[in-house]
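First up is the structure itself, then whatever we jot down about it.
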Amino acid sequence: MSKFVTFGEIMLRLAPMGYERFVQSKEFSVVYGGGEANVAVSLSNYGKDAYFVSKVPKHEIGQCAVNELRKYGVNTDYIARGGERLGIYFCEKGASQRPSKVIYDRAHSSISEASSEDFNWDEVFKDAQWFHFTGITPALSDNCAEITLEAVKKAKEKGVMVSCDLNYRKKLWSSEKAGKVMGEIVKYCDVIIANEEDAEKVFGIKADATDIESGKLSEEGYRKVAKELFDRFGLKYAAITLRESYSASDNGWSAMIYDGKEFIRSRKYDIRIVDRVGGGDSFAGGLIYGLSSGMGSKDALEFAVAASCLKHSIEGDFNLVSKEEVETLMKGDASGRVQR
Amino acid sequence: MSKFVTFGEIMLRLAPMGYERFVQSKEFSVVYGGGEANVAVSLSNYGKDAYFVSKVPKHEIGQCAVNELRKYGVNTDYIARGGERLGIYFCEKGASQRPSKVIYDRAHSSISEASSEDFNWDEVFKDAQWFHFTGITPALSDNCAEITLEAVKKAKEKGVMVSCDLNYRKKLWSSEKAGKVMGEIVKYCDVIIANEEDAEKVFGIKADATDIESGKLSEEGYRKVAKELFDRFGLKYAAITLRESYSASDNGWSAMIYDGKEFIRSRKYDIRIVDRVGGGDSFAGGLIYGLSSGMGSKDALEFAVAASCLKHSIEGDFNLVSKEEVETLMKGDASGRVQR
Amino acid sequence: MSKFVTFGEIMLRLAPMGYERFVQSKEFSVVYGGGEANVAVSLSNYGKDAYFVSKVPKHEIGQCAVNELRKYGVNTDYIARGGERLGIYFCEKGASQRPSKVIYDRAHSSISEASSEDFNWDEVFKDAQWFHFTGITPALSDNCAEITLEAVKKAKEKGVMVSCDLNYRKKLWSSEKAGKVMGEIVKYCDVIIANEEDAEKVFGIKADATDIESGKLSEEGYRKVAKELFDRFGLKYAAITLRESYSASDNGWSAMIYDGKEFIRSRKYDIRIVDRVGGGDSFAGGLIYGLSSGMGSKDALEFAVAASCLKHSIEGDFNLVSKEEVETLMKGDASGRVQR
Amino acid sequence: MSKFVTFGEIMLRLAPMGYERFVQSKEFSVVYGGGEANVAVSLSNYGKDAYFVSKVPKHEIGQCAVNELRKYGVNTDYIARGGERLGIYFCEKGASQRPSKVIYDRAHSSISEASSEDFNWDEVFKDAQWFHFTGITPALSDNCAEITLEAVKKAKEKGVMVSCDLNYRKKLWSSEKAGKVMGEIVKYCDVIIANEEDAEKVFGIKADATDIESGKLSEEGYRKVAKELFDRFGLKYAAITLRESYSASDNGWSAMIYDGKEFIRSRKYDIRIVDRVGGGDSFAGGLIYGLSSGMGSKDALEFAVAASCLKHSIEGDFNLVSKEEVETLMKGDASGRVQR
Amino acid sequence: MSKFVTFGEIMLRLAPMGYERFVQSKEFSVVYGGGEANVAVSLSNYGKDAYFVSKVPKHEIGQCAVNELRKYGVNTDYIARGGERLGIYFCEKGASQRPSKVIYDRAHSSISEASSEDFNWDEVFKDAQWFHFTGITPALSDNCAEITLEAVKKAKEKGVMVSCDLNYRKKLWSSEKAGKVMGEIVKYCDVIIANEEDAEKVFGIKADATDIESGKLSEEGYRKVAKELFDRFGLKYAAITLRESYSASDNGWSAMIYDGKEFIRSRKYDIRIVDRVGGGDSFAGGLIYGLSSGMGSKDALEFAVAASCLKHSIEGDFNLVSKEEVETLMKGDASGRVQR
Amino acid sequence: MSKFVTFGEIMLRLAPMGYERFVQSKEFSVVYGGGEANVAVSLSNYGKDAYFVSKVPKHEIGQCAVNELRKYGVNTDYIARGGERLGIYFCEKGASQRPSKVIYDRAHSSISEASSEDFNWDEVFKDAQWFHFTGITPALSDNCAEITLEAVKKAKEKGVMVSCDLNYRKKLWSSEKAGKVMGEIVKYCDVIIANEEDAEKVFGIKADATDIESGKLSEEGYRKVAKELFDRFGLKYAAITLRESYSASDNGWSAMIYDGKEFIRSRKYDIRIVDRVGGGDSFAGGLIYGLSSGMGSKDALEFAVAASCLKHSIEGDFNLVSKEEVETLMKGDASGRVQR
């Protein structure tokens, strides 16, 4: 099998039980995840040979993160050990009009303080087919930005397909810095995934919509965003996810893709949310699977949207669904009838 | 009091907590239930003298099932002890577009390997008013089919009212075998309950609807199904439950009955699902209660539908509601206001 | 800071886990709360200097209630110790068409058997700005009615603003007695809060609406109720909360206020309910905060409704939200987007 | 089968999880039990036809107590319904040098306010073989004392064997009152069970031991206590349980019996405590079983001590062990080897 | 790295929480394990390249078992998929004088009905260093006995070291059959591990001890057992574990080994038990590690005993300790001081 | 009341449930604590007016720590807000021969990066009677060392009694640095508390015992340590705690004090451990209470040892016992009998 490599941070997620607020909580559920780790798990679930590259501290909590990845079949051989700590995020689940709340405690993590010596990209990309990362990784530190650049260059050099989910995080860097750093890195990318805000925040590419409430205009606007990303960076695919937040409990979810030939808009799902963290990552995982498995643009997009629709019904960061489950939904069965 | 007897399998249900998937689960909730046991508990809750007849292994897990029935007032004197194991089913709760998933591990259960000697139907049906079973029981094994036939014959002989919920299970037998076996047994029945698929799968009686989306046509189709069941088997009542699966989280729920005089369609409920397993059984329990308590066809139907509507809000197989609670809903109060 | 004083009962709430029924439950969640305690916690959360006055038994369970209040910054210096027991209520959470169920076990509580000597109102109201209680407190016992009357008189005498949430409880007293006792007490009030039933049950002031389903008429009717309360008791503000119970899972929620000049109707929220107990109290807490912080009638009303909208998404009696969170919703962001 | 009847209060036990203190607890485990109910469950577990007579409120919490008894096969037909509340006790588990703590909230319970009309002793004792109660029942109220007296008289009249566990509770009555009331009731008893304090507290019969540390003397003292009880009340058996509290985690446990012929001291067990509440009741249950099943005094005593030894390893009030498990220990296998 | 291969059944363990009895339990903890799987996890924890060979059903519960092994780094490439079910065992934890109770529900498991075609031993043993199995595997079925025989023959042929833990299970086969089947298989073994009963039950080799209470004699007896095993089967090592069950809460634990030159008795540990299931397997895992890592007989024995001592403090079947943790204890630090 | 002030770090403790290892854990219990915070809670429990001085981040997790202190009555007015994060420690509970394991993740905490401007010691020590800190606080950072020095100087200046628990942490600083920094600070102390290692690690004062196993000699050695601390720093009291770690489950616990007149050795307790973290802090809390409440050296010591004995039976960092509970044990009742 050929490798599907992702590179980034894996964090410990601590969350109150059910709908408790932080201040009520005497127990936190323990989940490990992060943008690129989540994509790796998705790819492993669909049968791909997924590798996650990162750095975690040498102690037991670092090992817990590794073990969670191993459990889902992700290869962890290229995870470096060392450094100070595993990044943490506290996540309180919202409901109805009360939003979910995320508190990051990720500074000084092992990956953010990793150095080029921790990774041997030549070895990593041997027999690799795909490399994926998100905009969070270069945002972690200058070190990480530099390592990411090295990685995409090496991937390009070896003919590995490269995808990036822009994933702008305002707590990690400014739009200015993001634009500058990402502008350099994205040159080596074949696929860009963005949500309704990322392109504007990172590259200043704004959806040209006079009225954000009007779905029609909005779609037109996002077409332009996709096309501009596509053209500016010489991509093979530009994809945009479209989340409509009716409330913390209910969302609309769809996406579009531009492959240089046509703009394709996916089916839209109305979702009762169990856990929406990792929703975007599950889209990326589905899209990479689809595009790398010989599906056309439309099928890959529908696979990705169906996959990420299902993610919203699953606790934790990882999208624990099989290819067959995604295909069933993709083919139209959203009835949720008991499968005996 | 006169006895209400049900006969079938009681199983151990193992389910991940909340919306966890099997692979995430470190704890399974422990519930005991099964089609006929569930009906017995409903009848006991409404004040009837319910008896559950079955066979369970002699060990503690078998006793747990018995104790759970005793807790809700079901008489367990006719449950035979012995055999190899208690049937198990693993049940993962779905949400939104992700369906619930049931994995059966019921082969070789004590009841499926029971023999005629385990049950003294003469004694069981002494002072009995009603006998109920589902199509699952004869599907368990040839033994069970034979015992069920003995039971319905004896019940008929003693003037006991006999009802059957067709409950077709494709994992247990083929349509062909089901049709053959059930065709023989159902001759002794007074009441048949079926869902939208059962009549077709078991007896090849298909709802004649050109467009399954059109409620009107569909109702017409199901009228024909009810009438054909009624006529073919010389029934007193034929009832059909109608589930509309919008998603794993939301269902529409209603039913119809044909008593030889008129076709009655019940009120329809839109339900937020807590646990839908046992929904059909709670309908049967409500219908038997209604018909045996002097209600007319319409009231019995509305009682049954209201009862099973409430079941969907209750965890576990059993429908733990009182007669008064069903009546309140049946009379129209679906507001869910706090009862202080 | 000036004191915001509330006076009433704090109870132990025992509730089955999730949607379990009482009879299924092997564990009860433990929450402490009560109408006036809930208001005190709201006020403390918004930065006010909240005091809760009550009486609890001297043992550990009494101390638990005190500690829970202290945790949220409520001053407990005026809580008397002694008496027999802490009031308890058992609360089973409903879902869909199944209503929540509350069983009270509050008779003989320390506060219901308290005497005037337990409270030094002169000291309590020193430097106080506001005094709030609900109709539950005088309903607890003749003692409590008398103490409440002493308190409102003393408050009035000291120029403290007095508010009362009518909160009629039919299990505690009859409409007749309520009308008589409350009629005397309410004379000393500046603000009355009532829900859609209270004014009728306590003072016989009925919403004049020919069709309860028609929102328009209903609003007209409630305007008259507000005006009559306002006029009869010489109030500064009369506020009415309007709950539409679609089911135990979904409610509509809004309110209106009359300040002698105009009738203001708030925005209406459609809510997925996590826990609706304490919803009315959170409205009172928000309204008192708004009115005492220089907001106009409209803003105070919208703050109160937004605050209580959020309460429905929070487990337990207390409304654990900050002023900033209420303001965000009040200003229109009900999207529930993750806050990172 | 002939009936084994017990009469008394069944309460709701609320306990923090594990070794948490009350003030730390957000969840209470829910257990139902009480001296006489515990004995009824023991007898049912050993195969006897156990009846529990009491009064519980009509609401769901009352029904929970009834269902818990039914679960373990105890007949609940003679439990009256009505009254105000179910008695509650809060129970914090101790460890090492920290004692367990019990807070009673049992005043005004349904049983304590029951009247003679609630019970038809003629019917209850029809076909009865044994009647058991504890000193707690008459201590609950004058009503209860009177009803207990009626019961023992009726039992005696019908030739039913009567046993009483003295079980002195200083929070319920004084030694003076206990002595007076119990002195009257105990006249109708055949068997008295007491622990190391009861005889002194209720009847002023003190173990004559100069040095409580010296096992030998102490045994001599308790022999005298047993003999005096035996003689004063014309008993068939007087039994005394002997607990040595090394700490909250470890106890020594043994007992003695006097049958008019000889003093028998049982084997002594050193116990790691899981839950010691109900330990005395499990002794009574074992003793009644032994004496009523044709065992001699010695075997009955050893059965009772082994049974109650096992109780200390079981959570909750009830002694959930089988006759076979008790016999295995009684015969000497205390190795705790895994039973496969 | 060279492979360490184990072959056998992996089961689902279902256990009540804490010290609950089955009948009290509403939740079962979910653990996966089995004699040989447990050894594989131990070896992986110590840094060896462990492979577990088995067969599990194709459904999610089968996958759960595989994922649990992957989590701990065990290679699962040779686990066949198919068949009917995963074996289950119910396990109730004992305390004090109450023994733990295991109920097996393992008949008809996928592995027990596996066939020779499911395993390619040539491939499995390529680059293998060690092969381990227990007497449970051939006891599962005639198929399994045959496959085990094929495996040991192939292992021997390839120069792989072979170890067997006799592990007699009376519920699976008789002593007669065990002796016959195992006699054939053990011929190909280099190492045999037995507990104090196995050698007698399987091969009729009895510890010659007049007084089982006398440690001295007993040791002498077990020396003879070890020597006889060693001589009869031409072993390299014969090891015997020695458990002293003081109670279900406390055990003594030690072992001995005979390597043809000397009899070595290990240090003895007095253990407070958290979970003793898997204790023997953790000894085997430690011994294999020690013997394969260049330790002498004595060190390997002490490593194995220390490893299995620690297992008793760990929940679940697997011995989740590192090599360093075992070495710390082995070197004498049993103080349990907090490691900061 | 006069203030009892403590100054230091409060951390979030994350711990697996029960005896689970980190790698098994899906839920962490959430506890807040730290050396000086623990002492403040002890003092508040005994009725003193306790103040905790620290710095926590402005977000919800910081507020959780504050609320937990408020719950137990500790004044939090002087806790500064700001900085990056709350220190965390992961804590896995050991059992039997397996030690507890603590992983610190405390670098970059708000308190460690606090500055002198964050604290107004003049205001803090107004009306103060006692100031307590541990050797952990100055070890956190050079900032913290400087602030601690300012605090002790100011305390001394204002006539406040100053106590210090040496509490050496090798992960935070070297013996060399500790000696230098603490040597300066301790000059302003009146009371020093140390365990069996601290004096040596910080000040090179070694217990002069030829044989650590011999209790007698050891006591002699610790007398010299106490005297040397007393003399070198001009103390009023030097106290030493003496822990004997038999295993992770069982410890011996006692202490000694030297007041310039006599060496007093306390009673020794053998403890079954529930949670030993915070054991030393509970000793300090008890000693400060005793010495500040007019007890003599001996009584204060026995109070402190009894208090900390009880702490070992309580989950979490805080010693949640009342003065009465400590006194009961101190007076000799270690029987753990149920308190009804």
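Chains here go by letter, A, B, C, D, E and F, matching the order in which they are written, and residues are numbered from 1 within each.
Keep this in mind: contacts are C-beta pairs under 8 Å (C-beta built on N, C-alpha and C of every residue); 3 or more make two chains touch, one makes a residue touch a chain.
Bear in mind the structure is a predicted one, so any value in this text is a computation, not a measurement.
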Equivalent interface positions on chain A and chain C, same or different at half: different
Chain separated most widely from chain B, comparing mean CA positions: F
Copy-to-copy rotation for chain E and chain F - C-alpha atoms, rounded to a multiple of 5°: 120
Intercentroid distance (Cα basis), chain D paired with chain C, Å: 45
Set of chain F residues in contact with two or more other chains: 18, 21, 23, 26, 67, 101
Residue numbers on chain C that touch chain A, as the complex places them: 18, 269, 271-274, 309-310, 312-316, 320-321, 325, 329, 334-340
In the complex, chain C residues that touch chain F: 67-68, 70-73
Residues of chain B touching chain E in the complex: 14, 17, 21-23, 25-30, 59-61, 63-64, 67, 84-86, 88, 90, 92, 101, 103, 105, 107-108
Residues on chain F engaged by chain E in the complex (per definition of touch): 18-21, 23-24, 94-102, 104, 169-171, 245-250, 276-277
